Amino acid sequence: MNDELYLILIFIMAMLLGYELIKKIPPTLHTPLMSGTNAISGIVIIGSILVITSASSLTVNILGFISLVLSSINVFGGFTVTDRMLEMFKKPKKRDKD
Amino acid sequence: MNDELYLILIFIMAMLLGYELIKKIPPTLHTPLMSGTNAISGIVIIGSILVITSASSLTVNILGFISLVLSSINVFGGFTVTDRMLEMFKKPKKRDKD
Amino acid sequence: MDSIHIILYFISSILFILGIKMLSSPLIARRGNIISFLGMIIAIITTLSYVEYEISSIIYIFSGITTGGILGLIFAKKVQMTSMPQMVAIFNGLGGLASSLIAFSEIIKVNNTISFNLISVSILMSILIGSVTFSGSITGFLKLQSLITGKPILIPLRNYFNLLILLSAIGLMIVSVLYSGNTLIFYTLLGVCLLLGILIVLPIGGADMPVVIALLNSYSGIVAAFTGFIFSNVALIISGSLIGASGLILTRIMTKAMNRSLVNVVLGGFGATATNIDSEASDKNYKSGSSDDIASLLEYSENIIIIPGYGLAVAQAQHSLKELLDVLENQQKNVLFAIHPVAGRMPGHMNVLLAEANIDYELLLDLDQVNEKFSQTDVSIVIGANDVVNPAAKLDKNSPIYGMPILEIEKSKSIVVLKRSMNPGFAGLDNNIFYNEKTLMLFGDAKDSIDSLNKSFKELN
Amino acid sequence: MDSIHIILYFISSILFILGIKMLSSPLIARRGNIISFLGMIIAIITTLSYVEYEISSIIYIFSGITTGGILGLIFAKKVQMTSMPQMVAIFNGLGGLASSLIAFSEIIKVNNTISFNLISVSILMSILIGSVTFSGSITGFLKLQSLITGKPILIPLRNYFNLLILLSAIGLMIVSVLYSGNTLIFYTLLGVCLLLGILIVLPIGGADMPVVIALLNSYSGIVAAFTGFIFSNVALIISGSLIGASGLILTRIMTKAMNRSLVNVVLGGFGATATNIDSEASDKNYKSGSSDDIASLLEYSENIIIIPGYGLAVAQAQHSLKELLDVLENQQKNVLFAIHPVAGRMPGHMNVLLAEANIDYELLLDLDQVNEKFSQTDVSIVIGANDVVNPAAKLDKNSPIYGMPILEIEKSKSIVVLKRSMNPGFAGLDNNIFYNEKTLMLFGDAKDSIDSLNKSFKELN
């Protein structure tokens, strides 16, 4: 009944939570953050699947297909490139510090 | 339709958000935090009002009344005592620091 | 309840969130508290705006809020800052009882018929957690106020017994769903839960009480959230979960600072066996000085660190301490305060106390910051603290406080300890630092000792 | 969609949250990325588990994911670390386009009949934001890749014109609700929005592009959340809002580090007028040295700070730099790196670059940490940086970068600058530090210069 309203509240709560979490990420990791969120934005892949499986016409099918390809690029490209980047940060070699 | 489920999700999101917020509160303010959250827990005052206004019997009315009194103590006592405490923290006098 | 009311409730929740967020800095914390209060007012007005009234309910509501409000205000004005732990305990208890009464009324309203759904489960959980919170908090209060002994009260096999009671409470909850409609079950459930709260808290020693209170604080939030599920109310749900998170984090901070686990605290008994002090204690030598001795020691010192503890709160010596601070600062000495995370009896207890005496919070250093400073310190003045400077925590593997990080005052050039006797602190342990050759004891109530120190110091100058 | 699917979607959202949270430390960041990926997999499988298939849709889905996946993987393996800004721009664009196509399909499905409710509004907003994100990102990409000029392209009265276009887009949205059922309106809307995206980004100068990209990143999140409202899908809503928040925060960090306001950036034109370099520039004297000169200077230095900038990335000189670091450290010299928050072209650009060369991130200091160190520094080596060390930001009130905090290398005993010419950096400003008497210029591509420096240094020893 109040479904839509509650979804909006969830949206706002997630924004606030995101704000608190991301504020704490050090500048060192800001580029991986950008490409990582890029990858997550590929979540619209869900929408593409929903469009295709409930498609009523060829046009819709094609639109859904295109958006599926685009969002899959985002997902697979995004996570892979972020992983490539983060791998570099993995192990700072041990050094004798002052 | 999915109201209840969404409310549970909101509950979890609020927990996570609370966790992030409260982790950042400095030890200096932990006592005010405890009494402040005490005051906020007086929010069950809403429940007491709802019980009274939909009361079907004297017993319910009395139960509602008692819980209303208790939660009002929490609300008014809690915020006042927290304010008293925080007032002390207000202005550190200026000092020449090294 | 229309959409507009849900939105208003959400706004009030956002204000609570903002209010808590503003507690992150002492400068804006007070405004944060006012914002939370505003959130509360919005929540109350919103509720009053959509419920249907009879004349009688108006009277109940008006008189209820007035009575509670006045009682709360009186209480808030009268309570001593040193009694904060007790106050938080009582308020937790009130919150728990209120929630459990609300849940009870809901059961009566539906004629005891409940089934397996979110509302019924929330009602049952509210009764369980609410009444445990209530009776547990009251027991904790009685212990803190020394109305019953602060020592752990140990019933044999208590943990099995408590488990049995918890299981029977859960059993009753299941029965109440299966044989719905029976009032007696609920009264029994209520009774069992109240008993459980008492029995859980009784075996817990006084030193662990603040942990338990933080835990009960968390419970009072969770029960508010369950109340929220009963009424599908976002304000209750969100603020309840904030409180729940807050209590849990404080619990964790305290147990971590004491190097204990939560399970270890809750199982109880801590401090009950540790009281048999090392018998050689009485053989060891300590030096005790007069306030004049100490004043002249301070006279020739440059860097001074003061370590306040529970005794400062008991003696209400914070204002005298502020005077001492002023006197020392007038002599161009560097004075700092070392605040251990579990000094006193509440998280942040010392901070509130020193703030009350108008001592600048920028002088207060926490464990990490201060421990590297002791080696350049001329005098460490311990005022009514004990466990937080006990080296046994670092050295003695068998000590019950082993592993707790402490303030490392033994690194400083000399040590002065203000307390009334050689008696142990809350953990009931002897403290080798008092027998250190660098240490000078000044016996007496902390306030009296500081006052005479001030006098001696002034006479010197 | 049953409750169980909502719960699964929520679990996948929690994994995204956890994954982002783990980006707070380089040590666990990689695991965090894998956790986010897991969240994505769960979301996809959940979706596939409850939709109804025809044979054709199975083919579409399978081939779509495979095609996209392979393209994505190829792209991810091939892309240079220096091209990150472009890559992020493209990915933003793809996300925006995907969302806007989804919204478009939904409109077609309901036969263009929309009304004033959350779903319809979300559809319209998805089209608006999605296509602006798409065309804006692609324009940004073209500029970054220098396929069109990086300079601001300034159409007269552009801001009024853009406002007009935005208003007409909104007008079209309203019309589409009022005269529901008309396909043409939606095509017009799409066209107008695409135009808007291009026109918004065209006047923005290359130096401001990263800010715009972060902003578009935020948009791509918000549009995902709107897609979530269309399908009542919590995974889309929550992850969309996380991305939205992330982009906004990065935007704010960058504008703050440049001491600009977001409005100022978005109105565009920055750097268009600033290119007329101070005419006296050519009169001023600078000293230029050979790699041998600099090697012997370094030979007698103890504390060295390296300031990398955009030129390091262009020259791909990070591996040579690592070699230089090793050589210097072998000589027991203290070498640190000073990372300005907007050095390079992306937030954290330098960090990624140096990490790629296996330079320990503990040697990387940020603005606050490093500025107090310059006074004890013997040599500051500036490699392909310019604006981030331009004292005009502190001294010249009329400079477009006035107020931006800079790395204060003028405090160090001597300065070495590696760049190709006396040309200005991205803000198009002359830099007085190059004419400082402490400064020695080493002209040439950064990689070549560092390599010859390494050679000279080795010959010395």
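A, B, C and D label the chains in the order they appear, each numbered from 1.
Going forward, a contact is a pair of C-beta atoms (placed from the backbone, for glycine too) under 8 Å apart; a residue touches a chain by one contact, two chains touch by 3 or more.
What you see is a predicted model; the values in this text were computed from it and never measured.
Looking at B-C and A-C, the interface holding more C-beta pairs in contact is that of B-C. Mean C-alpha position of subunit A lies 35 Å from that of subunit B.
In this assembly, the C-alpha centroid of subunit B lies 16 Å from the C-alpha centroid of subunit C. Once the centre of each chain is set as its mean CA position, subunit B and subunit D turn out to be 42 Å apart. Looking at subunit B, residues 2-3, 6-7, 9-10, 12-14, 16-17, 21 sit in touch with two or more other chains.
Across the assembly, subunit C contributes residues 17, 232, 234, 238 that each touch 2 or more other chains.
Here, these are the chain pairs in contact: A-B, A-C, A-D, B-C, B-D. Contact residues of subunit B toward subunit C in the complex are 3-4, 7-8, 10-12, 14-15, 17-19, 21-57, 59-61, 63-90, 92-93, 95, 97.
Residues of subunit A that touch subunit C in their complex: 2, 5-6, 9, 12-13, 16.
Across the interface of their complex, subunit B is touched by residues 1-3, 6-7, 9-10, 13-14, 16-17, 20-21 of subunit A. Taken together, the subunit C residues at the contact with subunit B in this complex read 13, 16-17, 19-21, 23-27, 29-30, 33-34, 36-37, 40, 43-44, 47-48, 51-54, 56-57, 60-61, 63-65, 67-73, 75-77, 79, 81, 84, 87-88, 91-92, 94-95, 97-99, 101-102, 104-106, 108-109, 118, 213-214, 217, 220-221, 223-225, 227-250, 253, 339, 341, 346-349, 351-352, 355-356, 358, 360-362, 364, 366. Across the interface of their complex, subunit B is touched by residues 3, 6-7, 10, 14, 17, 232, 234, 238 of subunit D.
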